[in-house]
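Okay, so chain A shows up in both of these, paired with chain B first and chain C after.
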Partner chain A sequence: MSEEILKVEDLRTYFYSYTKEAFIRSVDSVSFSIRKGEVLGIVGESGCGKSVAAQSILGLITDGPGIISGNIFLTRNDKTVNLLDGLSDYASIRTKRKAILEISKDISGWLKRSESLMKGIRGKVISMIFQNPKSALNPFITVGDQISESIMLHKGIQAKKEAMAIASKWLERVQIDSPSMRLYDYPHGLSGGMCQRVMIAMALSSEPSLLIADEPTTGLDVTIQTKIVELLKKLREELALTILLITHDMNVIMQLADRIAVMYGGRIVEYGLKKEIMDSNSFIRHPYTIALLNSIPTIGEIKAKERLRAIKGDVPDTITLYRGCRFYERCTLKNDRIKKRCKEAEPEMIEIGTGHYMRCWLAE
Partner chain B sequence: MGQGTICAAGWQSNPPNPPLLKGGKGGIIDFYWEIDMSDTILDVINLKKYFYHSAGLFSFLKKEKSIIPAVDDVSFYLKEKEILGLVGESGCGKTTVGKLILRLIEPTDGRIIFNGMDMQNLQKSELRKVRSQMQMIFQDLDAALNPRMKVKDILKEAITVYEDLDYYQVNKRIAELMNQVNLKKSKLGNYPDELSGGEKRRVGIARVLAVKPKLIIADEPTSALDVSIQAQVINLLRDLQEKLGLSYLFISHDLRLVELISNKVAVMYMGRIVEMGLSDRIAHKPMHPYTNILWSSLTEGGDKVISPGLSWQVFDFERPVTGCRFHPRCEVFKSRGNPKECIDLQNEPKLTQIGASHYVACHFPLL
Partner chain C sequence: MKFILWKPILKLVLREFFIAVFLLLGVSIVIFSILHLAPGDPLHIFINIQTQNPEDVALLKRELGLDRAIPIQYLSWLNKLLHGNFGNSFRTGKPVFGELIKVGVNTLMLTIGSMIVTLLIAIPIAVISSLRRHPVLSWGLTLFAYILSALPVFYLGYIVIYIFTKKFNLFPFLPSGAVSSSKFNLIYFFLPIMVLGVGNGSISEIVRHLKMQLERVLSEDYIKAAKAKGASIWRHSFKEGILIPVTTMVAAKIPFILGGAVVVEQVFNWPGMGRLAWQAALDRDYPVIMGITLFAAVFVHVGRLTQTLVFAFVNPQTGEKGEGD
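Up next is the complex of A and B:
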């Protein structure tokens, strides 16, 4: 079980903004790995770079002035490929005294290279469930056609009939009633929860080794959210799925993930096993993780009508270069002992337990 | 501040209408007995809104018109400085109720009494004045703010729409509003797309406050926000309510937030209120099976047993249900061996009092 399917090292995804004349550091030096059969949850507020990290892995970030650097190693059948191999050759930045003079990117070359690397991987080895199921499905094509298209493409099945039969089986697997009838429905005829399940069926129909689920429960009713989480749990046990789960909802993370990476302002601030991160008795915990957990009202708090413990302020923009800790402004745990250091230097990832890393001066 | 009303003189001094009772609705009569009408700000009586399918070119050939009863016989009241939470799954008609109250859409039947005035009888010019006292926070952040106007212009427009103020007064009021919703003044020059979700939401709230309303209809004010920002907005709404003495109709699909913020909670299912009562009672002792399902779908911690009654099914207005609307999903219905009352067409459960200001529309409420 210890085989690493995906290993991301020092991933940086920067976009260049012409109006601000600066880089937006959406993903800034992020490293993590996913082992086979594991669920890694990436959690953070919106704008912290979770989705961009996932899109970088799938090679979905192509256009526009910007750079992706680092290494993404994908292991399949004992072969390891670097999904960013040679991409940096197509982009160059000319700087003078730290000021960016010119950014050039050979987009067609970049696309060619990216496509050659991603061919046979996207949708087949790594597939993705997108955030907004209603807009991710093609409104002009029936659900059955969309799923069978993916099956025919990735599984090498020629006959449409056979593909439709498999599609129907997948729909049954995601607990859709009367699947053989639903195959001929258009996405607008389905409810939000159903669309999400169709997305899951489509993503799983190619039997990928890694599933990226980007906010699978956002925008759904509470009752349906619970059911989607339950379904993912069940499918995971049945099919031994490896999932990269991206969400801002701590509840979903707590139910599904084995390991958690907490992201803030483009960086991972805490990384480790769920039981260690969620362990409320542990004496060092990252202030941001605590704040995230506290902002969810517990049922006891609701009944007592307590005031919610919100995180003050807003997510930092990733344009400004911070000298100190990115969470400094909103942090409530900074004390006099470390305050000065928090403001002036950014903490490194420090290992505080086996496989439990944290980016905070408190940990020292 | 904030109590100052801008409406024409004399409106406030009118005695509010006496309680309206309609015969034949046993449950409704019980329901209105105990109301002290003196400080009721909003009274919704037997409100109905049916939408019709646009049946197409040859619709005249069809005998039956397909009707969607988005709001079907909804009655509730809201007192001053009180928060009523309206909760239900998407598509159950929550937002339609909000729009009907503001008369953004015309009801099919029923009455809405705001501050002793029947909204249905108002002329257009009168309605305009009344709307200054009731405002709506819209669900979609991006669609609600004009992308071509700066924050300052958005607020200025809202301030000057009912009042004739000079330049200095407007600026003073803008500063006051920005202070009330905890926004930095530096954001005044920004366009909505330069703001984060939480900031956009706060601009929306500031705009609503600009006309000094008494009643705010908050339609899913936190649905598109992160949990951390959601908590900020909820705290802000609570603070404003205390400070300015506002009344809210808080519409949401998240029972947690509704319980947290409201004094009273009404649970809607398929266009009808199925349970209503003080939020403490609903939180501690839900009586309708549907409310129970909503509560049980809330997760806490990692290990949670999901109730088997929770199904994928979502209601469907187009498939008419006989008897109780909830029976296809109801656990009680199944466990009692499909009792006749629940599927009897003539005998749909009515909202009846079951405890101290606690109303349930169910033949077999959970005890």
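Up next is the complex of A and C:
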């Protein structure tokens, strides 16, 4: 088993809402790890904290009052650093109705420390690609300048010409036609799919140890989505990439991921290898995972014009402190035997197979 | 590698020139009308109209060309202007153009210098407060900017003169007639430029506009992406977040600065266009007033043209290319 590159422990990212006078628990005690060369997919509906978790790793959450806590261990060349190291020095702890709330006191102090911790990591060790690629590229700078900036910053190349040549190679790698001409284009002249290819080229040009793909297919046409997924698949094999893939699209997860973490309401509810979670023979799965899988229509169903099996109800707001299971309201598998328990207490992560964890009372 | 497509930019410049011609024509008509509608008579600088005998008055009027119908007067002025002649001043009899060039340079130095002072104060305040990292500091600085902007320039001018030249004797006060003598040097520029830079009332507006734009740009996706790739967010936000709003504000504030210059030049005895305008307005010196107005209109329009050009160079979608590092 290869080494763990990134290990996230008990990550919490809360935002404070002045209007509701409460914390929005976007990411609530999330733990996962990524091994070298694997693709970990985090899946869940919109608003369950996937993107916030990813951005917390790179320290991109800077605005608004709130809390970040936990540990993010990054291993590189046998050296491990904690990206949230010393965070507690900048926070004061306050309790409110028995719940412990850490309120960051010295925000600017922490941001400064975070910047210095992140220096040499952002873009170099961990790269990120975003959703809506058209707005994630700087509209005022040419594609070539944006890619070569990354190369010059992280690959120790001083000459602009050399960097541009490498940039052109990367554009070729992400299958952009006539790359040496595209270098001088501005993002507004490119289609959404091409912008995402440019983003991928830019992210990979520094040869990072980990690529965070935050909803890489969102905001693109369906046909382009497929092409981007195929491109990521191809690049992954060529370059032995380690990817943290964040998406709400089960199809993307099924095509790319080795392991899956299913998130719901700020928590991971199921975590394990794809083959175990997706295996239709697997006797036990989280009700939410089952619902997600059922929501994908099969070709037979589309032909028969059946209604889509959407999950009834909405994602719970992450402001209310729930005593019971967060999926209780929408769960279709709760039976009379466990119903009371589901409502009263939140289940812990239970190991139901090797490396396969689930947060459900059904597992007991 | 940089390359610029000049054709669209040339087209823009030509369009601006075309606009300028009509703009200046309109301005001259409006000002000419206002001058003649307002009470007062330029003859009073030469003679006492009440006591002078009517024949002399009529003669003087004919000499100055004031006996003709007002539209004819305008057309004759325009005709002369098209031949490069701004007319002669009623008061001094000298050609207006030469006079304007002489004082125009002084005013230009005063306005450009004070604009730089304004920007040097406003930009750091806007940048610091847009970061939202130091709430108390940025609150204090913003308040400071508002207080500065609330100070009227004539008041500030006299206070500064009192403190710096009378009380501490740090800077010399420009004596009348110093312009032509060898005494006139750069030290005289300092106080008027500082006073107009601080007191022209646009600091707070520039801070507000720039801060708003910077905050908007800093929350754009592409800035987050730039941060994620380890690049400087300032390099990425400069064009949209600083260059464009600053250019917009400078172009919009030129008329106000010119207005402030009139007052500052009075207060500091500064030999510029503003003081000339003031004297000409008192004298009803029509050719001088018309000349000054046209100069000011050209100045304002050049500001606008600069803004258009900066936009064209910066924004790849309107002007096509012009990318520097």
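Just so it is clear, the second predicted complex is superposed on the first by the 351 of 364 C-alpha atoms of A that agree within 3 Å, B and C clash if a C-alpha of one lies under 4 Å from a C-alpha of the other, contacts with A are read in each partner's own complex, and residues count from 1 in each chain.
Everything below uses one rule, namely that a residue touches a chain if its C-beta (ideal position, glycine included) is under 8 Å from a C-beta of that chain, and two chains touch if they have at least 3 such contacts.
Here the structure is a predicted model, which is why all the values come from computation and not from measurement.
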When chain B and chain C are modelled together on chain A, clash or fit: fit
Which of chain B and chain C A:Ala291 touches, first, second, both or neither: first
Chain B versus chain C as contact partner of A:Ile319, first or second or both or neither: neither
Contacts of A:Ala203 with chain B and chain C, given as first, second, both or neither: second
Partner chain in contact with A:Ser150 - chain B first, chain C second, else both or neither: second
Which superposed partner A:Tyr186 touches (first chain B, second chain C, both, neither): second
Overlay on chain A, chain C to chain B nearest C-alpha distance, Å: 6
Footprint overlap on chain A, comparing chain B with chain C: none
Chain A contact footprint on chain C (complex, rising order): 1, 3, 132-134, 219-222, 224-231, 236, 239-240, 314-317, 321, 323, 325
In the complex, chain B residues that touch chain A: 89-90, 196-199, 226-232, 234-235, 238, 253-257, 259-260, 279-280, 283-284, 293-294, 297-302, 304, 306, 310-312, 314
Residues of chain A defined as touching chain B within the complex: 45-47, 175-177, 191-194, 221-227, 229-230, 248-251, 254-255, 274, 278, 291-292, 295-299, 301-303, 305, 307-312, 314-315
Sites on chain A touched by chain C in the complex: 55, 58, 60, 63, 107-108, 111, 118-124, 127-128, 130, 132, 135-142, 145, 149-150, 153-154, 164, 184, 186, 188, 199, 202-203, 206
